[in-house]
Amino acid sequence: MFAQQLLNGLVTGSTYALIALGYTMVYGVLQLINFAHGEIYMMGAFTGLLLVTVAKLPFPLALLLAMGSTALLGVVIEFLAYRPLRRSSRLSVLISAIGMSIFVQNVALWIWGPSTRSFLPPFPVTAFTIGSLRTNTLELLTLAVALAMMVGLHLLVTRTKLGKAMRAVAQDRETAALMGVNVNRTIAFTFAIGSSLAAAAGVMVGMLFNAVTPTMGVMPGLKGFVAAVLGGIGHIPGAMVGGLVLGMVEVLGVALLSSQWRDAVAFAILILVLLYRPSGLLGRRTQEKV
Amino acid sequence: MALLEVRELTMEFGGLRAVDDVTFDVHQGEILSIIGPNGAGKTTVFNVLTGLYHPTRGEIVFNGHRLNELKPYQITALGIARTFQNIRLFREMTVWENVVVGAHTRLKSGFFPSIFKGPATRREERAAREQAYRHLEFVGLRGLETAKARQLPYGAQRRLEIARALAADPRLLLLDEPAAGMNATETAELMELIRKLKRQSITVILIEHDMRMVMDISERIVVLDHGRKIAEGTPDEVRRNEAVIAAYLGASASAGH
Amino acid sequence: MLDWADGLLRSFINPYYYGILVTIGINIILALSLNLVTGFTGQLHLGHAAFMAVGAYTAGLLATKAGVGFAVAVPAAGLAAALAGVVVGLPTLRLRGDYLAIATLGFGEIVRITLLNLDITGGPFGLRGIPRQTNLPIVILAVVIAFAVLRSLVNSRVGRALVAIREDEVAAQTMGIDTTRYKVTAFTVAAFFAGVAGALFAYWFRYLNPSSFGFMVSIELLAMVVFGGLGNLLGSALGAGVMTYLPEFLRTVAPAIAERRLVFYGALLVIVMILRPNGLLGTSSEQGWLEVWLARRRSRPPEARSGAPRHGTPPAAQGGGDGGAA
């Protein structure tokens, strides 16, 4: 029973991790909480849904295209709402991010209406048991996709030139620029990658819960952020760990309290982390230079 | 008893030891300079003195009070004020407002008196404003009172920072590279200003790279390198000290910043 | 006397506009108080609706379950919200900008979810049966009081400390300002007024539901403040007025657009931040035309004595035509 809960938590947690990665990467390079990230996740889900049901594309292609187009959306959002404010105060860019979030969500509401759409996987889903644990192909696919993404990201960040550029910009934007790094392009790529991960999460969650709706990004967005903070904001492995931990704690919380308080668990964790260990589980303490 | 006693001060950030076992005294009424190559830990010493960091090891005693655990605002109340290397003015406030904020600790009006302004509060506000104008005149910024701080030219901003620090009525004033970016005339004016401060019985600790100014105005100098104190003494003594010369890698002792 | 004034107002304002004016008044109080925290102190506060909720439900419960009168319930609601402000503020205001914003958001959501799950508040069915005791003269009075108090606070030693915190928190600390204490003070004062506004809301709409106090409402309030000008009290009143009335107006003229007002709010926030970050009326360090005029009079500094000021000596009052009022 306990192990079953953990497995469920692992599955949701892996989606939180994918969302959290987008937050943490953007925070790393821009010190910005991208409030619109939850909406990017939602747009990914919608794109995936439309590609599968309307365009009738095979699943792998639909997933990749959804990720790609959402990556583009992320880049556009950065260009419109954040780049003009690169030199402005943190408050300004945070407000702009909030505005973007509301804008995208309500545009989606305008286009698609508030009703929840069904997202049936375009492949057969078989349930089976491993020992005493019940699961199905969809859940395992979710775990597989998430794992693949995380491994891919890790390789990207540690082995490629782009990854190095991202780490450089995250540490010291001006010096990176002086060293010849194209900061604008690096930041755009960061948004693109983070957004594509969120899109993948959106598609998988859409199918897991058989529900896609314009407001589906709000809670997961906030929870993804909580996961990022839990793991140490700006710290990529931390986002992965934070997501998984949050998923499992949430499931346990629901088992112990009740499902009505499910969302409150995430916020309670957030507040506790912010108060007692703001650098997160894996993050490093940073001092403001005076 | 010296006005300020710094004993075995050590400041570590994770693995980095920015200040390493530094000991020195500052006596009432003197002008002391802290010099050293970049990264020597000078500003860190100021940050510890003003409570922005708490020392990893060591003791700071100011006028009989132990400063180690105190918060910045408590240290200001005890009589230490400072300026910043990177100019931290309140940019959207006017020049005189910046100075009056400096006097925050010396004013008394609390929350409710601030809303329901009785005669005592009004008197205090008026006095604070006039005192601010006087401080501005002292540093030579007369006539600029209602400009926004961000509109001032660089040299004027540095002087405004000093006026703001003076508003706190300090016994000890910490000036962090006040002459940075100034030409010879401005530097001479600044030196005159510091001498005026001394005549007001304000003790001054100065961090500076402009060696001409340091040698001219300081009564004593403390030299830091890589967080450690490598020399201390009068300008003449320091100028001839081999360790100091080595630390600066033979850079000309009269090199300005 | 207020009933007399009310009779007078109702005689020439039709019920529809009367209701809009009441709502505008409530929103003005909310926007003014939020501005204190976000505009003047520079702390992004995403949970203001939660303090409104605390006030609204406190008043609502006092009215329906404890039979407490309006004149007691409204200040009590303010105090309850202020208490919540202290409880939330003390731990979270140690946090830096973005983290603080998220923490306030988190608390706001926790309040909403709690209200949704408690039986005593009616849960998702809400709280009904509150008598209608708010009227336009009362709201106007509340707005005037809130404006006067906040303006006085802003143009004082406390107000300067708040702006200093906004401009540079580290420098403010070094100037002798206990930044945590002042941030909590701003937060608590703002919460008080939000609670009062919530009580007025409860006694007007007569029915409370947790969904009226969610994150989106906090965002709409933020939009009002940003639109009118962060750090500009008059601007907040303007922003509240425009953004309360405009959707109503659009609903009659172009209903399709009115339903999508959030699309425009979102775009508005982005565009205002990019093009005119100081909002419609801008940020002014001195509020209002009266103060600006006084400031011009004061910019002729008092005649100073020759020579440098001796520090530590209280200055004698000088001439200089200064009216004295801060």
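Read from first to last, the chains carry the letters A, B and C; within each, the first residue is number 1.
Simple rule for what comes next: contacts are C-beta pairs under 8 Å (C-beta built on N, C-alpha and C of every residue); 3 or more make two chains touch, one makes a residue touch a chain.
Please read all numbers here as calculations on a predicted model, not as lab measurements.
Peer 1: With centres defined as the mean of C-alpha atoms, identify the chain lying farthest from chain C.
Peer 2: Comparing chain centres, B lies farthest from chain C.
Peer 1: Please indicate the chain closest to the centre of the assembly, with centres calculated from CA atoms only.
Peer 2: Of all chains shown, the one whose C-alpha centre lies nearest the global C-alpha mean is C.
Peer 1: Compute the distance, rounded to whole Å, between the mean C-alpha positions of chain A and chain C.
Peer 2: Chain centroid spacing, chain A to chain C, equals 33 Å.
Peer 1: Could you state the distance in Å from the CA-based centre of chain B to that of chain C?
Peer 2: Distance between chain centres: 38 Å.
Peer 1: Between chain A and chain B, what is the separation of their C-alpha centroids in Å?
Peer 2: Averaging C-alpha atoms per chain gives centres 46 Å apart.
Peer 1: On chain C, where are the residues touching two or more other chains?
Peer 2: 170
Peer 1: Give me the residues of chain A that touch two or more other chains.
Peer 2: 290
Peer 1: Among the residues of chain B, which ones contact at least 2 other chains?
Peer 2: 52, 84
Peer 1: Under the touch definition given earlier, write down the residues of chain B that touch chain C in their complex.
Peer 2: Touch list, chain B to chain C: 50-52, 71-73, 76-77, 81-82, 84, 88-94, 97, 100-102, 104-105, 107, 109-111, 114-117, 121-123, 125-131, 133-135, 137-138, 142, 145-146, 148, 164, 166, 168-169, 196, 199-200, 202.
Peer 1: Which of the residues in chain C come into contact with chain A in the complex?
Peer 2: Those in contact with chain A are residues 38, 42, 44, 46, 91-92, 95, 97-99, 101-103, 105-107, 109-110, 113-114, 116-117, 170, 215-216, 219, 222-223, 226, 230, 260, 262-263, 265-271, 273-274, 277.
Peer 1: With touch defined as at the start, can you tell me which chain A residues reach chain C in the complex?
Peer 2: 31-33, 80-81, 84-85, 88-96, 98-107, 109-110, 218, 222, 225, 229, 260-261, 263-264, 267-268, 270-271, 274-275, 278, 288, 290
Peer 1: Spell out the part of chain C that touches chain B in their complex, as residue ranges.
Peer 2: Contact set of chain C toward chain B: 149, 152-153, 156-161, 163-164, 167-168, 170-179, 185, 231, 283, 285, 295, 298-299, 301-302, 304, 308-312, 314-315, 317-318, 320, 322, 324-326.
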